[in-house]
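Two complexes follow with chain A in common, the first pairing it with chain B and the second with chain C.
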Partner chain A sequence: MVRNILRKLLHNKAAMSGLAVILLLVFAGIFAERISPHDPYKVDLAVKLLGPSARYPLGTDQLGRCILSRLIYGTRTSLYTAMTVTLVILAIGVPLGIIAGYIGGAVDNMIMRLADIASTFPSSLLALAIVGIFGPSLYNLMLVFIFLWWAPFARMVRSSVIKLKETEFVMAAEAAGSRRISIILKHIFPNTLSPIIAYATLRIAAVIVHIAGFSFIGLGSQPPTADWGVMLNDGRQYISSYPMLLIWPGLMIVVVVLAFNLFGEGLNDALIPSSEERAIVKETGGANV
Partner chain B sequence: MSETPVLQIRSLKTYFYTKNGVVKAVDGVDLDVGKGRITALVGGSGSGKSMLSMSVMNLVEKPGRIIDGQVWLNGRDLRTLSEKELKDVRGKEIAMIFQEPTSAMNPVLKVKNHLFEAVHTHDKKLRMRDKLDEFRDVLLRVGLGNPDKILESYPFELSGGMCQRVMVAMGIVTNASVLIADEPTSSLDLTTQAAILEELLRLKDAGMAIVLITHDLGVVAQTADDMYVIKDGKVIESGPVCDVFASPQQAYTKFLMEPIALLR
Partner chain C sequence: MSKKTHAVIAMALSAVMLLSACGSPSSAGGAGSGKEKEINVAIYKDGGFDALDAASYNGPHFLYKMIYEGFTEDGGGGSILPSLATNWDISEDGKTYIFHLREGVKFSDGTDFNADATLFNLKRWVNDDRHAALSSTYVDSMEATDAHTVKIVYKDASYPILLELSYPRPVRFLSPASIKDEKFTQPVGTGPWMLESYKKDSEFTLVPNPYYWGEKPKIDRIRFKVITDAQARVMALQSGEVDIIGGDLVGKIPMESLNELKSNSDFQVFTKGTLCSHFIAFNEKTAAFQDKNVRLAMNYAVDKRGIAADLFDNNGLEAGGMYQKGVPYTTEKNNYGYPYDVDRAKQLLEESGYIDSDGDGIREKGGQKLEFKLLLSTDEFPEWKPLSEFLQSEFTAVGIKINLSTLDKNGYDEAATDGRGYDIALMRTASDSWVPHSSLRELFFDLAGHDYAKVWTDDNLKSMITKALLTMDENARQAQYDKVFSYISEEALTIPVYYPISSFAVNTKKVANFEIGVNNYAPVEWSKLDIK
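On to the complex of A and B.
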């Protein structure tokens, strides 16, 4: 089965190019110190606002910092936050979904009402509130998305668990005397994985866009952090004179989001055989800002 | 039957409480299943045969409820056992072969994992590699050639009939004292059907008590020792197969036998 999925995925050119870009960026993020030509935080007003040159491949910003180095370090910030947030929301949403779907009744009701609250609460409002109370920082912003975005995962998992609970193979496992926990781990959880994996990949892209957006308006990463959102904000006042200050970080965001979306869609196609379920992930999964 | 039956069911009642009233799926059934005998439950669809077997396992789901009766297995009334004790009975003392071969297998587990789980659930010390030879042997016995390949296959790579045979193999490896087989031959061609039935007869000779749920009277005639005709949750006729076939008392039994009579 794994072989079939891999084969399908390998033949999907869009997904593979997305994966290539993701791997390249992950590599860049991990080895940022090695591959950056300069220190991304070193201010040198003597070389401010330079165009591309051999020394500064993408030029420098208003404080004379190397744009390429800042972009590379920004990759680290972006991917690290997006992946952490996604892993944490998976760790919260998946077990809650399994509990809600498997146990049902009042427990289900409670978890699902919490999910309703989480998914209807506007993220910008919560971000403003949290930033207002605890001050602006990337970690506070990550908390906002963790609080709100576990809900669609819980809901997806719950609905597959409810479907799976009624299947004959779960009944057969019960008739074979399997313990509850082993039914959940062996029979239910693995069968919920495919849509979750595809959806999580798409969610990473959404987190990147949102974090960059909030950093841009000053609610997330703070200057002088090398973050794409912060870079966009810094370059705002130079939009007419030095547009490249905005174009580079903007381009990075577009590229990384596109890469995750392409790869996520590819995973989606490979992992979920029925087009009906696929549509559900596609409708709700994209990086809609 | 001189020996005490392995499985004795007394006035078992399973009702479903729906919005449109009470559905009596099992309505006061008495049943004896003897060691080393094949007991056939016969009836049309919706007659409550499958619900009866779920009730024996105490796996009736809401809105259904077992409201009365006893299920004696090897001298213990299963209805008085706790859920924890029941888990030790299910799959170890009573094994069950499910009706729908393709949906009764977990799509993410290979055949060998299915077979292994059937035994590992009740003996955590078992190792897969110690059981593989036995699994191969059982698969061959249920008519699956090339068992090495089958063991490594996922259910969706097999046909419905092959899955059904794997299900039978899963019932066999448990080595339970009672095997409930719900339509074990429904999607098989005649040759394979014969192989499965032969295997059931072999298990019976080895001392297993087999409950064969079917609507195929031909299968009953070939294999079963005793038969129970079930209609609307009630046993309307029972006895040794040859007696029932020779002189069916009830109109419904005659009606079920009509197609066979026509062939004669």
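On to the complex of A and C.
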């Protein structure tokens, strides 16, 4: 089974190139101190707005900071926030989905109504409201996305749990008198993972785009944080005179989102045998939420 | 205001115009003389016409000046020109002013301007603490001695009274017919322009006032388009959507676009110095700022020359004292700043016991970190964005952490006057005929409805300023002002950051006779503008 999936994945060139980019960026984020040519926060007006050179491979910004170094540190900000948000969403959504699906009844009803509320709430509006009340910060934004985006995970898990409950091996385990918790951990949880993994990968891309978007309008990461959205916003004033200030961070966002989407779809194809279910993940998981 | 009222007023206006068509002077160009001459101007915020009462502080300053007139007008360089008052007599003791009003002046709704209309307006704003920044608001008595003469007796003799009467607000005259049931309805004045149409937050048009007594505008319409984003204003000029951008109070050009526009032959850039300074204010409620060493250290920590020369490419001037050279009563000796000296800054902070003991790069004393919130808005001054980030790095270098709080203009104004929303804030002084006297009152006197001042509350300073304002002898007044400015400089009550230069970019292929106005509040000689 696992070998089968791996073989499918390894033969998917798009997914593999996506994975390569992701690994490269994760590596860059982890070793940012080592590989950055300069301190990304070092302001030096004497060297502002320079073009690419040996000293500054991608040039400098309006305050004389090294653009390449800021992009590398920005990787850390983007991936760190996106992965944290996605992990927390998983930690909330998956258990809730299993409980709802397995126990059913009033508990199911309550959890699903909560999920309804979370998924009908427009995330951008809530983000604006939270930022308006508590002030702009990356953490407030992360909270908003965690608060709302657990719902689709809970739904997906719930529906596969309901299906699994009817399978012979679960019924057999129940008949054999296994404890509920061990049935969940041994038989149900592992079988819900496949669609979740693919979906979570796609969701990371969505979080990156959203956080960058909010940072761009000044409501996410705050200057001078090295963040792609902040860099885009900084560069905005120079769009006609120094367009590279905008192009670099924009390019980074495009590349990383594309990488996660390609890899996520590859995972989706490899992990989920039924084309019907694949379509569901693709439709709901893309970055353009 | 509802659309219905607009319509009613418009109908009434046109009826009046029809009836008086033979007698009234026709507007420039006139109907049916071919294509109308129209110029489009970008403005950074809404005109606020639904509340542009002459005695209010609602819309942009310069609109008051286009629509309303006062007794006097600022002629630039300290001169005061007659406007609705043709001449005036001042009593020996400097308290009684007799204004002889211009005869035959009509408001743009066709009603007469006379002593009654004058008193109607004066009563609406005198002795009101909202205008505490003005000396001319404290009146003992006033009366109309005949249809065109008004006598005002002030409580105190104060030297800037005539100057204040030239201000765009609140001492200008609104048509009494515009007040219905004590509520403001329409901005109707005696000035060269009148409002034609107004779409809130989108655009508004001004046309010549057909009854204007002075030199008439040469064009038929100015269309102001509200474009809040500075970069979008530049693009609007480049695309031909607007013909004029710029001006500190109209719609500032971002510094980085200025160099680009200068090198573009389609446009001409006009610049003029100002008497304004941009500075950082300390919130006195933040405990650390009660320590003069901290204020001084932060002054030493900022590279003022770097800001003007490198950050702004010399599109601004290096700051010295709180006020620019050339502001009346300032001298090299009484109005000075502090040089850029990082070591001195660190030393001062250490003397006060602020040491980075936990190695996080931020100094602290008794568990209190030197971490401050810097309030700013980039709507009015887009260059405050790179400036704030530069300042952030300057203060980090001496162990002070700065968090930026960038708000929109309304949020900023609220936080700045509320006095609670920040530790330090980027602010500007007034300019031109407002400095120094009104500016000092505005920044260091208690805000209306509060027991603290906008910038720094200090009873000693307040009484020094009051004395200077009430001293009628020129030499004695200079001596008083010496004390005021020396105190502000010596105590490091602010951090002067840079002095701006006012600039405009004009599509000179279309627009002719562009001239920058005498002051910030009359940014452009609107009446002289013409089409090529």
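Here is the rule we go by: the second predicted complex is superposed on the first by the 288 of 289 C-alpha atoms of A that agree within 3 Å, B and C clash if a C-alpha of one lies under 4 Å from a C-alpha of the other, contacts with A are read in each partner's own complex, and residues count from 1 in each chain.
FYI, a residue touches a chain if its C-beta (ideal position, glycine included) is under 8 Å from a C-beta of that chain, and two chains touch if they have at least 3 such contacts.
What you see is a predicted model, and the numbers here were worked out from it, not measured in a lab.
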| item | value |
| --- | --- |
| Clash or fit, chain B versus chain C on superposed chain A | fit |
| Spatial angle chain C-chain A-chain B, Cα centroids [nearest 10 degrees] | 150 |
| Partner chain(s) touched by A:Arg179 [first = chain B, second = chain C, both, neither] | first |
| Contacts of A:Leu63 with chain B and chain C, given as first, second, both or neither | second |
| Touching partner for A:Thr120 - first (chain B), second (chain C), both, neither | neither |
| Chain B versus chain C as contact partner of A:Gln222, first or second or both or neither | second |
| Touching partner for A:Met171 - first (chain B), second (chain C), both, neither | first |
| Smallest separation of CA atoms, chain C relative to chain B, angstrom | 50 |
| Set intersection of chain A contacts, chain C complex versus chain B complex | none |
| Residue ranges of chain A touching chain C (in the complex, touch as defined) | 41-43, 45-46, 48, 62-63, 135, 218, 222-224, 234, 236-242 |
| List of chain A residues in touch with chain B within their complex | 1, 167-169, 171-179, 182, 186-187, 190-191 |
| Residues on chain C engaged by chain A in the complex (per definition of touch) | 230-231, 234-235, 238, 254, 256-257, 259-260, 306, 310-311, 382, 385-386, 388-390, 392-394, 396, 403-406 |
| List of chain B residues in touch with chain A within their complex | 57, 59, 86-92, 95-96, 98-100, 103-109, 117-118, 121-122, 154, 156, 170, 174 |
